[in-house]
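So, here's a batch of structures to check.
The following pair of complexes shares a single chain, subunit A, combined with subunit B in the former and subunit C in the latter.
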Partner chain A sequence: MSPIIKKASLFKKILYRQAGVIPIVEILLLILLIIIPFFVGDFLTIIITRMLILALLAISFELCWGYSGIMTFGQGLFFGMGGYAVALFANKADFVQLWGVIPIGLIVGMCASFLIAWLLLLGKRPPELIFIALGTLTFSYAAERLVAGWYWVGGGNGMSIFEYLRIGSFEVEPGRLFYYIVATILLLVYLTSRFLVRSQFGLVLAGARQNEKRLAFLGYKVQKFKAIVFCFAGAIAGLGGGLYAHHEGFIGPGNVGIGISTMAVLYALFGGAGSLIGPIIGVLAIESISFTLSDIDAVRGYWPIILGVILLVVVTFKQDGLLGFVVTQRERIGSFGILKATESKPSETSQHLKNEKNDSPS
Partner chain B sequence: MDEFIKVTFDILSFSCIMVLVVSGLAIIASLMGIFNFAHGEFVLLGAYTVFVFRETGLPVWSGMLAAPFLVGAFGLLLEVTIIKRFYKAAIAAMLATYAIGLIIRETVRGLIGGKFWAIEAPIEGVFEIGESSFSIWRGIIIILTIIIMSGCYLFLTKTNYGLKIRGAMENPSLARACGISTNKLYAFTFAFGAALAGLAGALVVPLYSLFAELGLRFLVQGFLAVMLGGAGTFEGPVLGSAVIGAMVPGFQWLRVEIPFISYLLSPVFAEVFVFLTAIIIVKFRPQGLIKKGRI
Partner chain C sequence: MIPLLEAKHISKYFGVLKALDGVSISVQENTFHGLIGPNGSGKSTLLKVIAGDHYPDEGNLTFNGNDVTNHTPELRAQNGLNLKFQITAIFPELSVYDNILLSLQSSESFWNLVLSNSRASLHDRIMDTLERFKLVDRAGSLASELSHGLQQWLEIAMAVIRKPKLLLLDEPTGGMSPEERRATGELLLPIKKDCTLIIVEHDLEWIKDICDNLTVLDQGKVLDDGTVKHIESSQKVKEVYTSRV
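Entry: the complex of A and B
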């Protein structure tokens, strides 16, 4: 290769890599989340821990909707089931170890989402988008009704967990330590998801989101790819639910079903669907507003209405959410896998150069 | 024999309520391709209208007469301002209508103070067949449903306007090329669907009571009915909702009759079971009970 080509490829590399607002946002947020417990009191730390747990829920929705085009109202269901499973283990078997809670949440979430994926996603013919949305909505609603009327799991009152989460015999109270545990888990989940959606696997998903038929013609079993992501997202939601139940010390019918599923949708859309950091920002923004407003009596009753208005405005006018103000569409779509921008183009370029060389003497 | 009549009446009455509630949803879904998540809240608004009329001292039946017009006008307003933007995007439309539904539901919840309000039927009392007695209002709902559904069917199949609607449903661009204003048609249809929902809400509110989640339970069942019957036809969703409506008392009846499954089918499980059955049927017959393009 001639030095000119190398220079061109280097230039392209910089061009493609440089226009990155998302990494800056990510790093800023990470630093903020690391230092924030030192600046606020214990009470606020607990509130922020709760937000981070809800961020897991938001990420799980985002993986389904933003990256693979599955409109799901079921994330609340997996979240709640993870929470209920953990609460049952705590209440019926006195098992509150952290090393157990995480896999329980993950496995329960994954199994539940696999069942639903099998029912809704996998079939002879690809289901319509709307069918998946309605199906997951139905399951969420049914689950909410079921746990509200089932006394073994606490009925309408839900279940309380009276013991703190434990590592060995050491009790983890909600507070700074719990915060860092949750933050670490969130970081790990975030990095795994980021790797997943930026890999070749993520490229297939993005393709399926844009044009499912074409991808099917290319030989991809699109439904299976979607089912895998759905299960992965379900596992994350289940993990979030497990942590939530322990952090709040309570899980009830309100944490399963349509209400919390809607919140997941809202977080992701408000923060900016189509990027993983958007939903986290959405959670932080919405929960902060909610927390601020909950002190004002006059406004508190109207909060659900305000949420509805926010959703309506976002869907109608600003579909790329808060993050859309700083991130371009091009960056949102992003690059996949290891950037090999120079491989296809250089042959063309070198051809041009050869032609030029050939032309010049004559 | 008495038992048989009772069960039949129950099934018929539940089916009719479902048909009444679902028809508006089905018409909007079939014609516009939009699944209106605010439909349950239109039902709630219809019920709320009756409540408001009663509170101001007017008779209940006048509220029932006014409900379809008021809710229909409200639907028209929504269509012109918001729904119009989402013809091409089913998912965005779904989210937008969901948001609208959320706003309406929470507003009504605030207005009625989060309580349950019993609303008496305009005609109270029971009538008797053999040994068993039945509520007159349920009977009236059955008759009204049959009248309304036949009216809708005749409207869609026999009138000029119905022909236009079916044309726009079959092939919107061709309909536009023929000089039919599909936008006007859509606006009208949405208002019509909303009016049907309002009427349904007004009629069924004496059987249930008025509470904020009134619409939500109908919404989920309604969607299942549309999926079950097959969107894009008139008979499909009607049949689907009749099936869903029949399943609820059907399961209840099974529970009483067969002691072995009574534990499995406690009322809560019965409802979940209905959903599950419907989803499984839809999974194995995704085109619905009746295929498209038949109307």
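Entry: the complex of A and C
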């Protein structure tokens, strides 16, 4: 190796380790989301608002799966219950205030997920992955059937919300303002989740993913940690559902069950599990692709098949998702203590230099 | 003096195999207790029963004056009982530093963990321990990038930093060179003043240098126990060791 190449690779190593790619992706995405309504019309703004609401669902799945190892097909259930709850408040009590919709979604999602966590996670023995997957799947399916057959909540037709969301007496129509409200909520949820998974609490989750049994021998009640994340994620999904119902002016059995739960899984896997930004990218990518495909006349009849093939190819051949093209596994896991992985670099660099010196005489 | 750990008539079946057959062992505080015996004699099983990985079919366990026979591993760990597994069980995709932090912060409250209140205050203690176990230079590396010997040290460090009352080490020098073994012994000796140790080892020469008392297991039964001197001169032990190892 020539010295120049050596220097270059050393430089790359330093640069790479210090900066990290995730913050760059985060900032780029944030800028994009702030400016985009000024470049597209109202119609597309509404489409993108829906994507951002679905991003809440994707984050909620990712907290469970990527960060806590809980394979859940229940996120659609919490999402739908949040939606149904705010729709009921709107239709039966004429209550459509934003300041109420947010806590209703959060609380309903959290209570529902707490119930399921209590049933599935907090038993005597730590449950198997498949047990939780099938358990949550069953609940989602049951909920879907239940609302479809229950006349009071609209039965198979679902429920429409005829009033716009309000702040005081001011009506928030779907459009630019709604977009920025959702974007702000998404940002807050993202930052809270990011804070959580990078905290010392997040370190416990990272440990549980790698060796759950060992963690118990360190004195951690692992299931309790998982249940806490599950409830937190359930609250986020419920919030997403509440916003969704008001944005679309509708909530139905299709927004509760297995279909939407599976979409949550796909968003995360497609975008890149093991990070919080990956699932958001997944939502944007999948929804943009399906939006584009469904608009092209030539493929109108087949677009779900084409989308399915694209998803299959990415999930099979790029297991770390789209984000895997730019972010390493190491960066996804990250560091938790105050000594960052980057700080050990000086000694490594000096070692590297030492080796170089040793090499040169020979 | 009341022993720190007392196991009485422990039996453990795996199907029809009786891995432990009425084993009794008692360990005094601040002593190092060695556990030796041929392959498959039940050493690891006994440690796992003590740590709570297996529950015994017969017999009971007293730790620090309490009957812990039915306690979960989490509870035993919280009360100061720690196991280093025979197969290294570190967290491979966490940095060495984070492995230690994870081990050390286990008694922190929920909010302290969420708000990351303690990581700054634990830093010095972590660095001291890393220094002692010669892992400082590797603090930022992934645990899986360490050599096998260093992984063992990391695991011992993870246990020692918690200041457990009783530490169970299952083959801490497994797969190490003689030089590394000697160094491991030197690392362990200083912890005697605040920690009790049960060590499983194959190497009789190594273990007799650091342990006070020894228990010899054979086919799930206690063959003999007593001080190192006693075991060295024991005829029964000699027979087993010369015939099978």
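Criterion: the second predicted complex is superposed on the first by the 301 of 362 C-alpha atoms of A that agree within 3 Å, B and C clash if a C-alpha of one lies under 4 Å from a C-alpha of the other, contacts with A are read in each partner's own complex, and residues count from 1 in each chain.
One rule holds for everything that comes next: contacts are C-beta pairs under 8 Å (C-beta built on N, C-alpha and C of every residue); 3 or more make two chains touch, one makes a residue touch a chain.
Only a predicted model underlies this, so the values are computations on that prediction, with no experimental measurement involved.
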Identify the partner contact of A:V204: answer first if only subunit B is touched, second if only subunit C is, both if each is, neither if none is.
-> second
Based on the superposed arrangement, let me know which partner A:I31 touches: subunit B (first), subunit C (second), both, or neither?
-> neither
Considering only the touch criterion stated at the top, classify A:L218 as touching first (subunit B), second (subunit C), both, or neither.
-> second
Between subunit B (first) and subunit C (second), which does A:L115 come into contact with in this model arrangement: first, second, both, or neither?
-> neither
Given the touch rule stated above, what does A:L188 touch, subunit B (first), subunit C (second), both, or neither?
-> neither
Pick one for A:V299: touches subunit B only (first), subunit C only (second), both, or neither.
-> neither
Report for A:L196: first if it touches subunit B alone, second if subunit C alone, otherwise both or neither.
-> second
Show which residues of subunit A both subunit B and subunit C reach, each in its own complex.
-> none
Touching residues on subunit A, where the partner in the complex is subunit C | 196, 199-201, 203-204, 206-207, 210-211, 213-221, 228, 329-330, 333, 335-345, 347-348, 351
Quick one: which bits of subunit C touch subunit A in the complex? Just the residue numbers, please.
-> 51-53, 72-74, 77-78, 82-83, 85, 89-95, 97-98, 101-103, 105-108, 110, 112-120, 122-123, 126-127, 137-142, 158, 162
Give every residue of subunit A touching subunit B within the complex, in rising order.
-> 71, 119-120, 123, 125, 127-131, 133-135, 137-139, 141-142, 145-146, 148-150, 258, 262, 265, 269, 301-302, 304-305, 307-309, 311-312, 315-316, 319
Partner subunit A, residues of subunit B touching it in the complex | 35, 82, 85, 90-92, 94-96, 98-103, 106-107, 109-110, 216, 220, 223-224, 227, 266-269, 271-272, 275-276, 278-280, 282-283, 286
